[in-house]
Amino acid sequence: MMFNPQVIIEKLPELGSGLFVTLLLWIAGIAGGVVIGFLVATARRFGGFATNAVLGSVVEVLRGTPFLIQIFLLYYGGPFVGLMLDPIPCGLIGLTVYSAAYYSEIFRAGFAAVPVGHVEAAGCLGMTRLQTIRRIQIPEMALIVLPPAVNLSVILLKESAVLSIITVPELTATVSAIGSQQYAYLEAIFILAVVYWALVELTDRLGRAAEHRLSRLRFLKA
Amino acid sequence: MTFKLFTLLLQAAVSTIGISLVSIAIGFVIAILLSAATLSGKTIYSAPARLFVSFFRGVPLLVQLLLIYTLLPAIGLNVPSIVAAIIGLSLCTAAYQAENLRGGFSSVPKGLIEAAEVTGFNPVQIFSRIQVPIALRLTLPTLVNESIMILKASSLVSVVGIIELTKMAQDLASSTYQPIPIFLSAGLVYFVICSTIALLGRYAERSMARTSA
Amino acid sequence: MTLPAITIRNLVKRFGETTVLQDINLEIPEGKVSCLIGPSGSGKSTLLRCLAFLEESTSGMITINGEALGFFEKPDGKRERLPPAQIRTVRAQTGMVFQQFNLWPHMTALGNVSEALKIVRKLSKADAEEKAMAQLRKVGLENRAGHYPSQLSGGQQQRVAIARALALEPKIMLFDEATSALDPELTGEVLKVMRDLADEGMTMVVVTHEIGFAATVGQQISFLDHGKLLFSGPPSEVFAKPRHPRLDQFLDTYLDRGASMLI
């Protein structure tokens, strides 16, 4: 096995670009997933039976099928319905939709965890539904949904590696390419693994710190 | 979407289920060993165990598979692709199952362990006859969840050329130029399998709830 | 003879197959304390929750100070659902205190009491907090204004909950077993606040197990059993001369446990 630090320095721009794409897709996937997921959870809770059933089925299918199949469908099947997507936009849409499905379940559980009496009290005091969601339900949900939300964002980081299969130039694709070019594939993959590991550990720690701070501020043990 | 193509997908699905089952089973055994190491209290056992769990939960499965697939030949183990794939999946699920079991083990009431100690059980017996059964009952839902995860994750072994459901779908899609019906069908098959596991899991939970306190 | 604060007419509430309230007819007098008593499952809480519009009745009508709540019964017998804004206006005349307090854990006592003033009445933060402090003073908790619910005892939390409901100046206060979730030593402080409110002439509807409170503070006692209103009248009639065998049975369990003040 050969290990040549010189190579890393030469290839730094490419590596940087690969890492950038991974982080971009990851953050965008989380942001889009959280927003859409929250809207879906709200629509399911307040939208009536039909809305709940339809959205619920879509969520179940997205959670019950492999991410790779969803991506293949989007990337290879898209052109047949007029959707010619480049790898990066395709990856972005695929990851966001996938993440939204999972986030919606987290928010659904969050809504259910807010004691119904707190919502009733708001209603008795004359608050509208929107006011109750904003001022009562979201703050109370915040601490409850944080751990699973952090967990999910870690999962999404790992799933983003799958996008290399449809030639998205993210970290895994970039490192594997460099590795095989340099006849040092094994070392490259190993370093790749360590990089992801570090990112995951970092996110976990940040998440725990955020939970800790949030619980001190909120006194939610009442 | 002809019947013939669909049967091909179903045959490949059998492969998917087989690979997943074997990986879950091997992963379970490894997870129990990892749990034993962590609970032993001796750093020399628990530290590597925790490192293992941290690594295999922190690295994407795809990268793990690529790593195992290139590592094994490099250290002289020229095994068939499918063996490499199963090893990769097993190590991954072992880490997740160990993490799930950790929660289960910490929920075993201390009093039950103390009762066993004073009755004269040695640590191995306490582990196997008290802690493991109770932790398992407590974590059954997460085990069911993990099985569903592995089933979906097995789609990644397609990248190392194993013929399972996803690879079959890829091949069929490119040869018939009909990606949409084929990938939709593959998705449907995955969905049905996962839903069945979920249903069986709920059934198992309920019958277990009936027999235990 | 003033108009009754609340009129309940032919009220029925069904949950699926089960009928929880059967044809309730009752008038709640203004400025008086009206108590709903009865065994568990008698429907008294459900009746109160219908008055707060937390449950929607299956049929019948409720009027609050002359205005229909939630549903308007037309002469031909059909029920029409009123628009949400109108429902909110009518609901604003009642304040509700819950058995489980239901204080919002992410706000201080002051925050809890002032929230609706800010959001619903659209007062400025300063005005809202001033009014809120006045209410906290009234229930004796101005020193705890900056505390979170988790830092307060059960009795204190319930008093904050009462202040929160009073802040919106409702004409009628509804109490749903306000002391049932409290340790015995803490019920006293809450009952005192309720007594003071009654002395000020607030119209109160109180669902309670505290028969002593009902006997001494209540001015109209209504006895419910299995969803039916079996008896309603002043304490002297209810407690001195029990009128219904079920009521006798019910009160006996209290007499057995030493509530001899009733005799």
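Each chain gets a letter, A, B and C, in the order it is written, and its residues are counted from 1.
What we mean here is this: a residue touches a chain if its C-beta (ideal position, glycine included) is under 8 Å from a C-beta of that chain, and two chains touch if they have at least 3 such contacts.
Small disclaimer: the values here were computed from a predicted structure and weren't measured.
Comparing per-chain C-alpha centres with the mean over every protein C-alpha atom, the closest match is chain A.
Centroid distances built from C-alpha atoms place C farthest away from subunit B. Note: centroid distance subunit A to subunit C, computed from Cα atoms, is 46 Å. Between the CA-based centres of subunit A and subunit B the separation comes to 22 Å, rounded to the whole angstrom. Computed centre separation for the pair subunit B/subunit C is 55 angstrom, with centres defined by C-alpha atoms. Across the complex, subunit A is touched by residues 54-55, 57-64, 66-67, 70-71, 74, 148, 152-156, 158-159, 166, 169-170, 173-174, 179-180, 183-184, 186-187, 190-191, 194-195 of subunit B. Only residues 115, 117-118, 120-128, 131, 135-136, 139-140, 218-222 of subunit A touch subunit C when the two sit together in their complex.
Contact residues on subunit A toward subunit B in their complex (touch as defined above): 1, 60-61, 64-70, 72-73, 76-77, 80-81, 157-162, 164-165, 172, 176, 185-186, 189-190, 192-193, 196-197, 200-201.
Of all residues in subunit C, those touching subunit A in their complex are 52-54, 88, 91-92, 94-96, 98, 100, 102-106, 115-116, 119-120, 148-151, 157, 161, 164-165, 168.
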